[in-house]
Amino acid sequence: MSLDRMDPQEFLALTYAHARQNVLSRRSVLGGFVALAGAMALPGRAAFAEGRGGTLRIGRDQEPDSLDPQKTLIAVSDQTNNWIYEPLVRLDVDGKVVPGLAERWEATDNNKTIVFHLRDGVTFHDGSPADAEACVWTTQRIMDPATASPSSYLLGPFDKAEVVDRLTVIYRFKEPFVPLWIGLSSPSTAILPRKSVEALGDQFGRNPVGCGPFRFAGWAPDTGIKLVRFDDYKCGPVAAADEVQFLYFPEDSTRIAALETDEIDVLATGQAVPVDAVRRLRQNSDIQLLSRARQGLRALVFNLNKAPFDDIRVRQAVCHAIDREKVLAFALDGNGQIAHGPLPTTIPGYSKAVEALDYAYDPAKAKALLAEAGQSAGLKLSMITSDMPPIRRTAEIVQTELRGIGIELEIQSLPVGEWASLSSKGEHHIFFMAYEYNDADILYAALHSQGSYNRSFRKDAALDKMLEAQRVAFDPAARQSLLDDAQALIMRQAYWAPLFEPLNFAALSSSVRDAALRTDGDISVDSAWIEN
Amino acid sequence: MLPLIIKRIAYALVIIAGIAFVVSAMTKLVPGDPVDVMAAGNPGMTEADKARLRTQLGLDRPMLDQYVSYLGNALRGDLGTSLRQRVPAAQLILERLPATAELTLWSMVLALSVATPIGIVTALRRDSPIDTAGTVVAVVGVSTPSFLLGVLLILLFSVQLGWLPASGYKGSVIAAIPKAIVDGRFDLLWQKVRYFLLPSVSLAFGLMAVNARLIRSAMIETIRQDYVQFARAKGVPPRTVVLKHAFRNAIIPVITMVGLQLGNLLSGAIVAETVFAWPGIGRLSVQAITTRDYPLVQATVLITAVLFVGMNLIIDLLYQIIDPRMRHG
Amino acid sequence: MADSTLSQIAATAPTESVHNVARNQFLKALRRSPKGLAGLLLIGMILIGAAAAPALAPYDPAQQVLGWRFLPPVWATGGGWDHILGGDNLGRDIFSRIVVGARTSLAVAIIVVALAATIGSLLGAVAGYAGGIVDNLIMRLVDFLLAFPFLLLALMIMAILGPGFWTMVLALSIALWVNYARVVRGEALRIEQMEFVEAARSIGVPGWRIVLGHVLPNVIPSVLVLATLEVALVIIAEAALSFLGLGVQPPTPSWGKMISEGRDFLYDAPWMVLGPGLVILMTSVGINLFGDFLRDFVDPRAER
Amino acid sequence: MSTPLLQVHDLRVEYASPRGLVRAVAGVSLSLDRNRILGLVGESGCGKSTVGQALLGLIQPPGRIAGGDIRFENRSLVGLPEREMRRLRGNRLSMIFQDPTATLNPVMTIGDQIAELFRWHRPRMRRKEVQTRVTELLERVGIVDADRRSRAYPHELSGGMRQRVVIACALALDPALIVADEPTTALDVTVQAQILDLIRGLQAEHGTAVILVSHDLGVIAETCDDVAVMYAGRIVESGPTAEVLARPRHPYTAGLIASRPSITAPDQVVRPIPGTVPDLANPPVGCPFHPRCVRAVAGCREGIPALSPTREEPRHAVACPLAA
């Protein structure tokens, strides 16, 4: 039963499966990869070829806070660091674990230790060697309280790393850790050059040095972040573009205008392509629009500690009152997919069985359920949502839908700081859940009684047990069965009212070649290039 | 004059210390802290992870303790370190201040250079069609939200006509002027000016309207002063009466307002900075507040306040040059 | 010896009902001023519209109909008289939202200006009259607020209290009372020197009564003019705060919020911005015209 | 004698105001010879200052000269192009304003303000010479340490000194006519006498004609050769000062004299004129003074009485049928 007694090969197989499931499920949704400009062959990490190059100017809606990978937690920083640094392993375009700095690896010591064999001859952009020594120093730094790394939690029960020889390093964990590759493929754990880090001090985050496919060339408020191709890149094919610029445009209309006027070539990551602009971009024949299912969900979470949501009939009534087709059409202009359970179809572990447990749109039934629960018309409820425009808009649609069955919903749409702190106080009736995650373990965070993200404040012993068990279930089938049960229970109890799964978009000007939309919402910056 | 400056600086220091205190107190009242914000996008982070990070970042110290050590450090020129960006707050501000300062400056120059002739002409031709037209422009100016104007300008001049870049900042214009004059590289200067045009117009439009009105009413007030009549009675030509006698007196109240407006521009530029992707301190401070990056909030508020106070000090001194009555007492 | 004669004559002028005269003069002046009349007409139209909003709005402003999404206005192809100004991104009738949103926008503007004018005038009058340490304290507070970047202060207040109607009112009032305090203090200093205040003081009228009875009534004209013009400014400020995400909470429509939301659709559905933009313009034009007239009227020198 | 220096015939000045058309001057005729001082007297708002402004062509919109003629040095000033008029102002015709504090530009030194006259009217004069002339003028109006004072700003001088500066400006180019609009009203009593003496002395020295606008009969009595009493935009009585003050014919003139406290007879009762100055936008029908006139009869409401000479003294004219 326990992971530490598993055969190392089996253990690793389990961890790969964990990652591969992601891949399969992602592929199944929208084809995942969009071939461009006349059905080109899959670029992947093909060798650098003649005629490629150019400067790739990428517009984003966010700006990295720090490019010190150990000192940031925000996605856009990771999505920049990903091209500067080299983690031990990488996730490819489709989220598959592939070798990074480590060529190969094996598990030993009751699966608590992973031995990594590093590629030979890899150097950092500052010329120092990326060897076992560097790996150990990197892990010491991330665990050092003085670093105050917000991302160290990604390493889970990590203990320490040790040098075996110049190209062999072992990572010791206190217990076997299934979501291993999520942390080890993240730029947060990528290998850092001690020489430059120590020389630059707190300016390292502004002058990053790694051993990834691009070398950092500058970060100024006026020119954005500039990277140039690292021709000595050893951990994969050398990148196609000569130069990459990441530019920050906080205002949607400006960012789109910049693409339309050829000031930039790509819009990608985050909400860089706002769903409101999809219509306009689709009509523009000079622009290629990529889309791909996102590992995320929008749902209403009922506060079970607060009347009237302690009554299942009221929860069911709300579920029946919402026409999700309409919500999808209004909020996302139809760019998404209706959700049926607490997990989106894109996260491994999604249970198809929940589709049968769906609460269909039926306002009459909703009214009847309310009456049955003794709720008269004019019920006043409050809902907390974040103030991101598509989310706030969705909340407004939900508000109108609930008015249809006589519920007056007061919306508190809050900036992220207030949103995070007020929602944990539990004074709301409904919490508008919007999460992005790549593992079914999100259910633990969001529904376990000890979960850090539990906004339904439900303490359900049966559910807690299932969610604890899935965390250590090494057999995929067994884990799936636990997850099936958990999802069915959540839907039967109507803890949540799922709404929809959104999409990721990227927009490219017609001169961009070989760009694919990755699972994390970024494009494959290393394979893309500009045709003159 | 010197004692006055010293007195003003002393006042300014008290005000700035007060602002620092209020900001400290407010940060304690604001729900949520930087760790909450970081965790918001990372459901995998547990309460234990958050608590550890709070201790490491020093968020659990009492407010007064933080305030006192902050003031001490600030006096030594250390404005603290950003919790999110992990570099000195002063560095972040210095990187962005020139962009905001220059945008503010050009917007004010633009606003005043359009508002002054309009204000003077409408005052002289009071109730004429020109005055009415001036009023209409002014009302439209103050009634157009600057973000809307900004987006409209981008759609028209960048997307439709393709004359000007939609957004961005490509370096200082002021710094490019000497090179343009010495080497005759006016093309390089234009490359910078292009980026300034739309943002400064969108920021200046409302100001232009307000200042045209201000100058108009100050001029109307001044023109009916006896000394203006007296100048005419002396046979001074109208142009000289208006510019030398009336205008020089009329700008005295306008200068006070311009001082206040410059202060508002520094923080009001937030909107233009957002629309035009302008890397200024306005955006920086908004981000600092939304991410609860308290040291950065403190630093941006302090720097903006210091600038404001400093600018108004300069304006006080300017007063003494323009208005001899201020020179004594 | 010289000054007395004619001023004495003037002083014996009968003081019949001053208020009636003032009112009559006001109405008479208003009738003669096309500017004042046009302004009043515009303001009146908008106020009546806001008051009669539920009757005037053809639809429920929160009603969302799929077929009304991005419905063009009547003058564009595809539009119709059913929805004069078209439909927005959530399939709501824009005209109904403007009519109902007038209530929010005007309420914010009027409450903020009333609050700011009352508090500012009182503090300004007290500062100007009392002088000394009180004056110093109040004016330092004014300096403090002037030096505190307004939008950042608003953001912090909002972060503490949460966004919403009253938070917005509070933030804007805190920013605006300062102007009144400055104007009124200046006027109070001037009036304090005048003989009738001296006279009141000499017969032992307490300070607060002098402020209330003598100083405040005399500064009302200047305050009134300032207040009129600031109503328009507040409506715009509401739009700017909505742009930064600090506006009123849904489903309450407001003009500022409508413009702020509409900017994302400026390309596909420009009418989402056009309607609210035009009413803001109308209101502002009305208020400015009327304010100009008021300024000319209360400023006695303007007649010479 | 040749033609008078100044002849005003039926001058009319109107102002457009929100309350309607204000007829500030409603038909004023007068004439003035060189070396004479004419007093214009009346209550505030009777149009006496407007006459002074009209003479220098200083009436500005919304006001305008609606009719009549002004002949000065044999040319008509009404309708004279602004450029021509400007050549005369400060040069042949100058003006002293009421409040010396308001008359001087606060942001210019007094030397510059005097020098300005030379700059615009004597453009060929050298800077050095201008400076000498300025100092000379300041000395002439009784300012000691003139060279240093010329660099002072108005706020650094006392009220009397400022008025001396204004007078220096008025005298700078030896004008033929000076309009002095209440030149002493804003000054202390002791200073008033000095300034009047100064004006009189300088006038006698240069042979300049002066129109002295004042509401103060005392000032008029002391200074003027002739006097014209104005009421509601018209002259109601005019003549040699001694004659008019000794034998006022118009009830208004008589009222003005009676309402003035006398130092020589302190126990004499002061009798103010009842009522107020009429609203010039809406003047009473008939003789404008009739609502306040103690001798008014029914006929006073019909027709505006013309100014006509009295039988006893042809130079003494009065606009009241009851008095003539």
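Letters A, B, C and D mark the chains in the order given here, with residues in each chain numbered from 1 onward.
Going forward, a contact is a pair of C-beta atoms (placed from the backbone, for glycine too) under 8 Å apart; a residue touches a chain by one contact, two chains touch by 3 or more.
No experiment lies behind these values; they were computed from the predicted model shown.
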> How short can a path of touching chains from subunit A to subunit D be, counted in steps?
Replying inline: 2
> Looking at C-alpha means, what's the farthest chain from subunit D?
Replying inline: A
> Pick the pair with more C-beta contacts: B-C or A-C?
Replying inline: B-C
>> Using mean CA coordinates as chain centres, what's the gap between subunit B and subunit C in Å?
In response: 24
> How many Å are there between the centre of subunit A and the centre of subunit C, using C-alpha atoms for each centre?
Replying inline: 47
>> Just the number, please: Cα centre separation of subunit A and subunit B in whole Å.
In response: 38
> How many angstrom between the C-alpha centroids of subunit D and subunit C?
Replying inline: 46
> Which subunit B residues sit where two or more other chains touch them?
Replying inline: 30-31, 147, 151, 155, 274, 289-290
>> Counting only residues that touch at least two other chains, what does the list for subunit D look like?
In response: none
> Can you list the residues of subunit C that touch 2 or more other chains?
Replying inline: 159, 263, 266-267, 304
> Name the touching chain pairs, would you?
Replying inline: A-B, A-C, B-C, B-D, C-D
> Quick one: in the complex, what on subunit D touches subunit C?
Replying inline: 15, 17-20, 43-44, 184-185, 189, 192, 215-219, 256, 259-261, 263, 272-274, 276
>> Using the touch definition from the top, list the residues of subunit A that touch subunit C in their complex.
In response: 252-253, 256, 274, 276-277, 279-280, 326, 329-330, 387, 389, 392-393, 395-397, 399-400, 403, 410-415, 417-418, 422
> Inside the complex, what are the residues of subunit B that reach subunit A?
Replying inline: 30-33, 35-47, 49-50, 53, 55-57, 81-82, 84-88, 95-96, 99, 147, 151, 154-155, 158-159, 162, 165-171, 273-277, 279-280, 283, 289-292
>> Under the definition above, what is the set of subunit B residues touching subunit D in their complex?
In response: 126-127, 225-227, 229-238, 240, 244-245, 248-249, 322-325
> Quick one: in the complex, what on subunit A touches subunit B?
Replying inline: 65-66, 68, 71-75, 145-148, 150, 153-154, 202-203, 205-206, 220-223, 247-251, 253-255, 257-258, 260-261, 263, 415-422, 424, 435-437, 441-442, 445-446, 452-453
